[in-house]
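Everything below concerns the one structure shown next.
To keep things simple, chains are lettered A, B, C and D as they appear, and every chain counts its residues starting from 1.
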Amino acid sequence: MDIELAKEDEAFRAEVRKFIAENLTRELSDKITVGASAERSVLRGWQKFLHKRGWIAVNWPTEYGGTGWTAMQKFIFNEEMALANAPRLSPFGLSMVGPVIYTFGNEDQKKQHLSGILSGDTAWCQGYSEPGSGSDLASLKTKAVRVGDDYIVNGQKIWTSYAHEADWIFCLVRTDETVKQQAGITFLLIDMKTPGIEVKPIISIDGLHHLNEVFFTDVKVPVTNRIGEENKGWTYAKFLLVNERTGIAGVPESKRSIVRIKELARKERLGDGGALVDDPAFRHKLSEIEIKLMGLEFTNLRILADAAAGPSSSTLKIVGTEVQQSLAELAVEAVAFYAQPFQKEQLLGTSNESPVGPDYGVATASAYNFGRAASIYGGSNEIQRNVIAKAVLGL
Amino acid sequence: MDIELAKEDEAFRAEVRKFIAENLTRELSDKITVGASAERSVLRGWQKFLHKRGWIAVNWPTEYGGTGWTAMQKFIFNEEMALANAPRLSPFGLSMVGPVIYTFGNEDQKKQHLSGILSGDTAWCQGYSEPGSGSDLASLKTKAVRVGDDYIVNGQKIWTSYAHEADWIFCLVRTDETVKQQAGITFLLIDMKTPGIEVKPIISIDGLHHLNEVFFTDVKVPVTNRIGEENKGWTYAKFLLVNERTGIAGVPESKRSIVRIKELARKERLGDGGALVDDPAFRHKLSEIEIKLMGLEFTNLRILADAAAGPSSSTLKIVGTEVQQSLAELAVEAVAFYAQPFQKEQLLGTSNESPVGPDYGVATASAYNFGRAASIYGGSNEIQRNVIAKAVLGL
Amino acid sequence: MEFGLSEDQRLLQDGVGRFLEEQSPLEKVREAADSNDFVPRGLWDGIRELGVPGILVPEDFGGMGLGFLDAAIINEMMGRHVAPVPFVGTSVMAPIALTLAGSEAQKQNWLPQIASGDAIVGVGVTERIGVRENAGVIANNGKLTGKALFVIDWSKADVYIVADRDNCLHLVAPDAAGLSSHVLNTIDKTRSVGELVFDNVEAEPLPGANVNIVARMIDAGRIMLAADTLGAGQMMIEKAVIYAGERKQFGRVIGSFQAVKHLCAEMTAALEPCRSLVWYAGHAMDEVPDDASLMACHAKSHLSEVGRFVARTSTEVHGGMGFTDLLGLHYWFKRIGLDRQLLGGPEQVRLEAARLQGWAA
Amino acid sequence: MEFGLSEDQRLLQDGVGRFLEEQSPLEKVREAADSNDFVPRGLWDGIRELGVPGILVPEDFGGMGLGFLDAAIINEMMGRHVAPVPFVGTSVMAPIALTLAGSEAQKQNWLPQIASGDAIVGVGVTERIGVRENAGVIANNGKLTGKALFVIDWSKADVYIVADRDNCLHLVAPDAAGLSSHVLNTIDKTRSVGELVFDNVEAEPLPGANVNIVARMIDAGRIMLAADTLGAGQMMIEKAVIYAGERKQFGRVIGSFQAVKHLCAEMTAALEPCRSLVWYAGHAMDEVPDDASLMACHAKSHLSEVGRFVARTSTEVHGGMGFTDLLGLHYWFKRIGLDRQLLGGPEQVRLEAARLQGWAA
């Protein structure tokens, strides 16, 4: 083990910090600090900066416009970005469908899609879950029937984050109903402007519109938009899911939360006038979570060193989301009363009035509430326990 | 709701206290205070006192020598006994088989057994579990074949507490292998002196001998020792199990533990010299458990008022054993270092030397260790959750 | 001793429960929540007819003259149906203040109006629990200055009862000069909370007020919030069980998976013993005064924790649907969330309990 | 940066693990435990051959001169196999004391004997963590008086190293006049702990001793105990999985029930990230001195909690069998229990961590 950063890594860290100092506006990082969602257009602006610098596709191979960074550089970059409160870029193109396209797509598909994903000009969304197919994803029913050079798609997707702002959707569809579920699925790329697609909002527990239902009625999708082979979609889908779960552990984001909660606990006063951070019970809880997160972080570093020796992505997903949810809970405890006001405009960053209570309280309860979804999405933690029991323990 | 004790109940409480003051020797209650097991003979001595006073069979109807007490009197009696550190009498005769005998047994059986149970002259043990039949009790295989006026019993029981000191065992045996499991079980009373019975000790996690295996080889049991009908044993067995679970909640014993832990937390010093009871984190834990126990106690009172409206015995068992286990855990935390010495003689009360560390530390770790069994026995808490899901929630 | 509800109490609770089930289904709750209507006309009229607003008002003043246990079991039903109507401020805390501290004239004026449901009373005592930087109310020559936050039953209040720094209580008219009043939208859209800013505002003191009366109002409020969580939690369990029995994955209802079964069983085992705790706390308010404050703290903090566990677990069982506005489960989730924080979060309440037990300074 | 074990480290750990698996099966552990033999001849000879006792002894003194991470991964194997041999005192804490505080002559005398396994060293520093009523050691004119409790590797010690009240360290011969020495039987019968009572006992001071060196001994010991728990916990998970795959109830192996599957998965998810934490703590002892004390506290307290969870859960999965001496699972359960309390329970250690972070006085 050698946890000293190499000289060149130190230099790289300095370079990242410099970039952040020069490009990340206070306005943007402040929004992230209070936990408010930055507007879509602002996010895209930030993506442009990164894209210009060539720092957009951290994990992609250089031949497709990736950074070509070492594992350590990726780690440093993600950490610095999180600690500086840089906005988190939409994962659907960069982390999800992009790697599927350059790994399993053909040359035309790479040409057509990768540059738009990198530049942020094309926004993607994910058409996986269906009303009847959540945990049991492979039972999906949205049907694609081949007619000449097209598939005709009919069915419905649900929980589609930001479908209302997306240009394209990557979709799992059923192309064979006669075989084992997993063997009849195809992976399609569909232009959201295609006639027959209807997007209906789902308002979520935080009162905001992130999620959607997407309906497909006789939607014509050229066969050339198919990834890989017909009926082999489940292979590509699983490849993507494992990537998703590892990302969901969200170590850098949780580190940022810890910093934020500590700041907040220095400001918040207890009934007796002392600072919250001096309350042993609070400190104990914070410390336990911090240690757990430390274990998770070191574990990520261990995987960088030797992926084979690391634990399953399911373990990372469970522990990562547990940490996230405990931090959200602790933030609510810390802000106490002031976690309760629901200030939608402040939350959306569309108001200039100062919020009721401290500004760091604004998004706390919404983050807690919506954050309960972390143990559901990307495969619920119950499903992850099934995966560990089966794949890791052989039960 | 009226939680004032009636005048006659107050008088009854005074009467119980007087009895305890006059009969419960310091030697005996001290042993219970440190958590040491009192010797069997001492326990029987105590039972004699109670028996003489007519206070032995709290829950039995008067016609069989029971107290005929109101629910409130029973509650008062149990509470006073626990708080005074009175030994807990063996439940196998008084709480388990006794009620089965007077409810389902015939007149001869009542005559033969009830008085010995009451006087403590006959010690009983429970032959339910088998090596292959724990949670799945109904799969038991110990076989009884009818030959003339006898059953010939072959098989093995396990986890039989105090079989090595018992005069009789009540046993579930299989009398029909051709029907649904539950429909082929018979409930037998077996004299432990019958030839063919062998008892082998099981040393448990606390290093002591409470448990046994009991082997039956061609053991001849008169048909007259059968409770009720052949193949109807499961009905009597379930009747007994529900009684057992309710008792397992152990509210009076947990109240005594709380008193003990509070005393102990006033004596124990923290690193900085303050009393443990002043540590907010410790206090918080203790308080949470105390509130949970309070809820359980009130719930028991509610069941006294209206059994039909109360929660299931499974809920009581789960919550009761959770409380017991948290208290055992907290006691270990409180005694810290001094929970670790294993002092068998002090534990058995057979030594006159003073223990290493405070005397209240002696049984702490053993109690914690053996106490982990609480979530296993009487139907594991996992099985209780199944029962709640099915019987209460209809899942 | 009889630890249970009387026949009358059962009838009362069932009656209120049935009424709310019929008259306050999810669509009505949603309608009220979306329009910020915390005293929806039809629903409130029905509540009045049942006599609920006067549950604690002495019979001499037109109320039912019942006890805190009765109020708690009603509040349980309010939580169960996330009823968007005033209760804790108007029907529980205000009658305590008026009955114990009010002049005869004040009683004569307000108690009958409360009992009949003609008057909504907003109650501002939050600063007596924990003062925040710039909040708190000061009385000077009978005029109030300062800020009262998290005023309960704020919306459409006909009068406010506000505690000042010295534990005096004041009646304040909503249109008093110098008073500015703001809605405080919280995550829970079924109950009204607001903020009052006083700039030398004329107020009418309740002559008998003192620290014990304010404490009693807070104790009672806490028990009601605990009861609210009890009811809301019970409903969340039932909803989880129903959903688990309907939702299919892997070709079976998810309620047939042991993981889901056990989540439901754990919720049941956690919540069921809370019922007796809340009952006893309510009962103690009337009959065991020595226990009342401590039991109020215990009920509040324990129900906060158990409520949070149930809210989360039920949501987990509902999967993605639990997070949608569509299913509306979030109304219960958030109601439990606000119950937790109003009149002191569990951390604060535990500290008070430790003080009451002589464990903390 | 390379966060992982080197090839050499893997070979070392595998070697020790394989040796213990073969040479220290449950029957041997039981034999040693039943006879209170904490340095069983055959096993100790093998450990010596592997060079384990000298893991931290500098090469100049005949040791392997390796680091704390190496020691930790060995201790993990000791925990995994509940090995009844000295390690934490003799092979970790004593070499620190001698190397950092010993005179040249003391080093020359003791370090080679430790490295070869010829000397067992009992270490008594418990009173430096938390003083109990009548414990603690005072040095007066080079003579020791008082009591040292929970002396690690007490059995068959050839010498004791004891810290006094002023953080001086002393070598004490087991047969010194005025010394009385008692075994302290603990719940864990695989490790030796004892009590020393000093009545004006001749002792030989380590000249360079100071508070920092004592602290370093404690830090290292804590990391080792955390590693011990890691190994023991890992084994308890594996045993639970095996048992769940064999034990049948209701006509199926219990590992096919989701409730049991999930218990096993939860143990795995809880323990797996601990591995990196322990590694880093061991590494920090050598390479990141600023982090070392805090990481030792973190590793100790976190592994105590996770270890307890795993010990309980594995026992729960084993049902009644988990409580029997027959299956022997209790050796691991108790080993984790003693790890928790030696050198400071998690409550104590968390308090120290808070102080190190400037959070507590």
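FYI, a contact is a pair of C-beta atoms (placed from the backbone, for glycine too) under 8 Å apart; a residue touches a chain by one contact, two chains touch by 3 or more.
These numbers come from a predicted model, not from an experiment.
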Most widely separated chain from chain C, with each centre as the mean of CA atoms: D
Pair joined by more contacting C-beta pairs (B-D or C-D): B-D
Distance from chain D to chain B - Cα centre to Cα centre, in angstrom: 38
Inter-chain centre distance, chain C versus chain D - centres from mean C-alpha coordinates, in Å: 53
Rounded Å distance, chain B centre to chain C centre (Cα mean): 41
Junction residues of chain B - those touching two or more other chains: 279-281, 284, 382, 385
Interface hub residues of chain D, defined as touching at least two other chains: 258-260, 262
Residues of chain C defined as touching chain A within the complex: 126, 129-130, 132-133, 149-150, 184-189, 193, 195, 248-251, 254, 259-260, 312, 315-316, 319-320, 322-326, 330, 333-334, 337-338, 341-342, 345, 347-348, 351
Residue ranges of chain C in contact with chain B within the complex: 1-6, 9, 69, 241, 244-245, 255-256, 258, 260-262, 264-266, 268-270, 272-277, 279-280, 283, 287-288, 298, 301-302, 305, 350, 353-354, 359-360
Partner chain A, residues of chain B touching it in the complex: 279-281, 284
Contact footprint of chain C on chain B as seen in their complex: 1-6, 9, 72, 277-278, 280, 283-284, 287-288, 291-292, 294-296, 298-299, 301-302, 304-306, 309, 311, 314-315, 318-319, 382, 384-386, 388-390, 392-395
Residue numbers on chain C that touch chain D, as the complex places them: 257-259, 262
